[in-house]
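In C-alpha cells below, several structures.
Here subunit A shows up in two complexes: once beside subunit B, once beside subunit C.
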Partner chain A sequence: MTALAATARYELRMQLRKPAIWIATGLPFGVYALFAVLGSDSTGLRRHWYEISPKLWVVEALGWFTPALPMVFGIVLADRLVRDRKLGVAELLDTTPTNRGARLVGKYLGACAATAVPVAVVYLAGAVVFAVWRDQPAALWWSLAAFVMIVVPLLLLAGSLSFLGPQLMPTPLFRVLIVALFFWAGATEVESEFPSFAGTVLSLTMDYPLGVFFDSANATTGPAGVALDFLRPQPTTGTAVLSLALILALAAAILWMAGALNARTSE
Partner chain B sequence: MSLWRHEARRAGLGALLAPLVAAVGLAAVAIDGAVRLDQASKSTALVLQSLLELALPLAAGMGAANLVGRDPAIELQLTLPTAYRATVLRRLVVTAGWVAVIALTTAAYMVASGWWHRWPEAQPALVGQLTWLAPTLCMAGFGLLAGAVSGSPAVASAVVASLWLFEYAAADLLQEHRWSRLLYLFATTRGTVDQDWSANRLTLIAAGVAMTAAGWLLLRRPSRLLTKEAE
Partner chain C sequence: MRLDIVRVTKTFRGKVRALEEVSLTVPGGILGLLGANGAGKTTLMRLLTGLIRPNGGQITIGDHDMATADGRLAVQRVLGYLPQDLGVYPDLTARQFLDYVALLKGLDDRPYRRRRVGELLELVNIADAADRKLRGYSGGMRRRVGIAQALLNDPELLIVDEPTSGLDPEERIRFRTLLSQLAERRTVLLSTHIVDDIAQTCTELAVLGRGRLIFRGTVSDLTERANGNVWSLVGSGPAPSVGTMVSALPHDGATRYRIVAATRPSADAQPVVPTLEDGYVLLAQQHSLTAAESAA
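Here is the complex of A and B:
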C-alpha cells in the first residue's frame, strides 16, 4: 500500500511539472476559444454563445474538444512506463522490497491524476465563467458531473492503453495509432457503413452517459437496426451506468495486460 | 550511403511504420467499401484521397515531431564534427521521403486504375500530386519546428495531433477567411473555394519550408537540449 501511494504521489508531482501536459491540453481549448470568438453565425461554434442551459453548455460548448482529449492523454502518457526501463530505473526499482504490481498501479493512478489536472482547471474555469455570466450556479455541478462521468473514464482508458501499447510497438507509432483509434471512434456514426462501435454501450465517445445524463444532442443511443444492435439497448440510467462500467472494466483489463507484459519483460 | 542507411534506422521503426500502417489501413477500408458494400465509387475514391491528404501528412508530422529529443547520448553526439541539426535534417528527409514513396505509389495506382478521377474535386494527375505533397511538407515542417521549440517528442506530437484534429473538426470555420482558406490542410477532400486550390497548395509548401527553416535555425544551438530528459 505504501509503495502504491508513494509511487502515485511521486508520479503525480513529476508529471505535473512537465510543461507537456499543460501545453497539450491548453492549446486546443485556447484555439477553440479564439475561433469561437472570431467565428460568425454561419458556423457551429457561434451557437455556443447563445446556450443558456448549464447542462448543455457543459457537454457541448465546454465539451467540444472532449472526444479528442483521449488522443492528447495517450500521447503525453505514452512514455511513462517504457521510459523507466530505457533509463535503467526499472531494474533498480525491482531490487527494492516493493511489489511490482503495486508500483505499476501507483504509477498509472499518479500519471492519470496529473494529466487530469489541466482539464479539471479548464472545466472549473469554464463553469465559473458560465455561472457568473448567466447567473447559473448549477453549471458548477454539471461541470463536475461531466468531468467525473465523461473525462475521467476516457482518461483511464487512454492511460491504460499508453501503458500497454508502447510495450508492443515503438512509442511514435503508438502515438499515431491512438490518434487513429479515437479519430475512428469520433468520426464514424451509427449509419456509417464502416464498422464501428458508434452509438453502442462501448462507444468511445460516451454516447450513453452523454445521452442519458446530459440529454446531449450529439449522442446517439438506442436500437438503430444495424449491425451490433445487441450493444444498443434502450437508453436508461441502468444502461448508461453499464456503459460506464464497461469502459472502466476495459481500462482495468488493458492495465492488467500491461502489468503482466511488464512483469514478463522484467524477468 | 551507409550514413543514410543508419539514419533511416535511427529515425525509428515507428516513424517508418506509421505511414505504412496508415496507408494499408485506409486502403483496406477502401477495398472493403468497393468490394463488400458495393459502395458508390465516389465515397471509396474519397477514402483513397483522404489517405493521401489526411493520413499520410499526419504520419509525416508525427514522425517529424519525434526526431528531436530521442537521442540517449546527446552529450556525446554534440561533440562530433557533424552538426546535430544536419543529422536531424537528414532524418527528416528520410521520414518525409518514405511518406513520399508511399504516397507516390498509392497515387500512381489510383491514376492507373481510374480511382483518382472518381473523386469530383480531384485535380489533374500531375498537378494533383500536390494533394499529398503540400500538406505533408507543411506537417513535417510543423512537426520539426514543434520538436525544436519544445525539445520533447511528447509535446511536439500532441501539438501536431491537435493541429491536425482542429483542421479536421473546424473545416467550416476555416473556410470563412481567405487567410485561413489558404492555410487549410485538407483543401482537396474537405473542400475549399475552387480557384483557391493552387494558391492554397503553394502557401502550404511555403509554410512547410519556412517552418523547417525556423526549426533548422532553432537547432543551431543544440546545447539547450542538454537540460531536457531523453525519452
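Here is the complex of A and C:
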C-alpha cells in the first residue's frame, strides 16, 4: 500500500470517529433538512414536494446546504495538518521512507472524505426519501451528480485552504477568516458596491455549475455591471466547466503551497 | 552499518550553533552518546535520520551520502528511530498506530505486518492494552509504543533518543537488555543524559559538550580518567565548595559526600574508585574550564 493510500485510510478513520465531525456537519444539516422537509407547506422543500422534477428538487435541497458548506468544511478541517506537528507525530513520520508530498495528499484526501461523509449521509438520504416517496429514481442520479459537482469541489477548496491557513496564522484566527471569506466570495449581493467574488466563476456558492447544469433559479450568473465583471461571463456549459476547473485548480495550487510551507517548516 | 560523520556543523536560524565541526565514526555495534541538555545530541540524531541537513561537513551511513535525497531515502528504509519527544495519535489504539507506521515503513504484506505488530506489542509488554486508545496511555506506555515502532522494520540502524525516560526501573532494565541484544547484529546509537543507561549498555561512547565532541573512546577509558580525582568525605557542616559534588548521603548524623575534584577537597577526604559518572563529571568540568579560558 502506498504512503498516500495508508495515510488517507488512517486519516479517514481518525476523522470519522471524531464526534465533532458529525456534530459540526451532520447535525446542523440534518436538523435543517428536517425543518425544510417537514416545515409548513408554504416554505421549505415541502412547497415543491409534489410539483417539481427530481432534478429541480435535488438543486433546491442542495440550495439549503451550499451557502454554509465552505465555512463548515473550513472550520472542521482547520487543525488537521498542523496537529501532526502539535502532537509531535510529524517528526516520526518524516523519518519513514515515504514522500512527504504523498503523505500530505493522503492526509488531505482522507480528511476531506471523512468530512464529506456526514453531509453525504444527510443529503443522499434525503434524495432516497424523495425518490421512494415520489417514485422518481432519477432523483438519486441527480443528487449524486450535484454532490460530485457542487459539494466535492467546495470541500476540496475549503480543505486546501485549511491546510495552508493554519500554517500562516493561529487556527482560531483562520476559522474566523474563513467565515469572512465565505461571505466575501459567495454570500454577498452581486450588486454590492464592495467588489466580491459573488456571482463569478470563482463564487463559493457555485453559481455557474448550479445555474447551467441544474437550472437553479437561485444561481446568479452573467455580467452584472459591477467590479470584477470579467469573472462573470455569460452562463454556458463552457463557462460552467471553466468555473469548476478554476475552483479545482485553485484548490490544487493552495494545497501545493501548503505542502511547500509544511516541508519548509519541518526543516 | 558504518556511520561516518566528518566535520559536521549545524546552525539554526543563522545564529544558534548547535554542532560545530563534529567528526565521529561508528563502525557498528552500540555507541552511547552522552551530554548535558543542549549539548547537541538531539541535533546530531536528527541529522542522522535525515530530518535536518547540516550547514557544513558530510554524513555517510553505509554507502549512502546523507546530502542526497536518494541517500536519505535509502537510510530511512533501514532506520528505526525513537525521537526524544515521541508524539502519537491519541485517537488510534497502539495496534492501529503501529500498523500505520508499519505501512509507511513499507511492510505491505498484511499477514506479516499483523504478526510483526503483535510480536512487538508482546516484546514491549503492552499486548494487553494494545486495543486501547493511546489517549489513555501513561508516558511510560507511550514510550514503549515508541520503542515498538522503531523496531517494526527490523532496522539495520537504530537511533534512540532518551529511550528510557518515563520507564519504570524494571522496564528500563528490560529495555537496556533488549538494546544490547539488538546491537549484536546492527548499529545502535543511544543518546541519553542518564549515565547509568550507558554504563549498563555500551562499551563505547562519545560525549558532546556545547556542540563539540569532547570525548570518544571506551567507557573504561572515561572512567579511568577520573582516577585520583574522586573523593569521599564525611562532614556535618556546610557542603564542601571545592570540585563538583556527585552525591550526598546521610551518614551517622552527618553527610557523606562524593566529590570530583583535581585536588583533595579537604585533609580528611579519601580517594575512592571512580565510576563512569565521575569520569563524565570530570570531563564536563575540564571542558567548561577550557571553554571559559577560550572565552577569556
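As a working rule, the second predicted complex is superposed on the first by the 245 of 267 C-alpha atoms of A that agree within 3 Å, B and C clash if a C-alpha of one lies under 4 Å from a C-alpha of the other, contacts with A are read in each partner's own complex, and residues count from 1 in each chain.
The rule we apply is simple: contacts are C-beta pairs under 8 Å (C-beta built on N, C-alpha and C of every residue); 3 or more make two chains touch, one makes a residue touch a chain.
Values in this document were obtained by computation on a predicted structure and should not be read as measured data.
When the shared chain is aligned, subunit C comes close enough to touch A:88, but subunit B does not.
More residues of subunit A are touched by B (comparison of subunit B with subunit C). Of the two partner chains, subunit B is the only one touched by A:78; subunit C is not.
In the superposition on chain A, A:249 makes contact with neither subunit B nor subunit C. In the superposed model, A:68 lies in contact with subunit B only, and not with subunit C. Look at A:97: by the touch rule set out above, it reaches subunit C but stays clear of subunit B. The intersection of subunit A residues touching subunit B with those touching subunit C, taken from the two complexes, comprises 18, 87. The touching residues of subunit C, counted against subunit A in their complex, run 46, 49-53, 73, 76-77, 79, 81, 83, 85-92, 96, 100-101, 103-106, 108, 149. Note for the complex: subunit A touches subunit C at residues 1, 3, 6-7, 10, 13-14, 17-18, 84, 87-98, 103, 266-267.
Note for the complex: subunit B touches subunit A at residues 12-15, 17-18, 21-22, 25, 29, 32-33, 37, 39, 58-59, 62-63, 66, 72, 150, 152-155, 157-159, 161-162, 164-166, 168-170, 172-173, 176, 230-231. Interface residues of subunit A, counted against subunit B in their complex, comprise 18-20, 23-24, 27-28, 31-32, 35, 39-40, 42-45, 68, 71-72, 75-76, 78-79, 83, 86-87, 169-177, 179-180, 183, 193-194.
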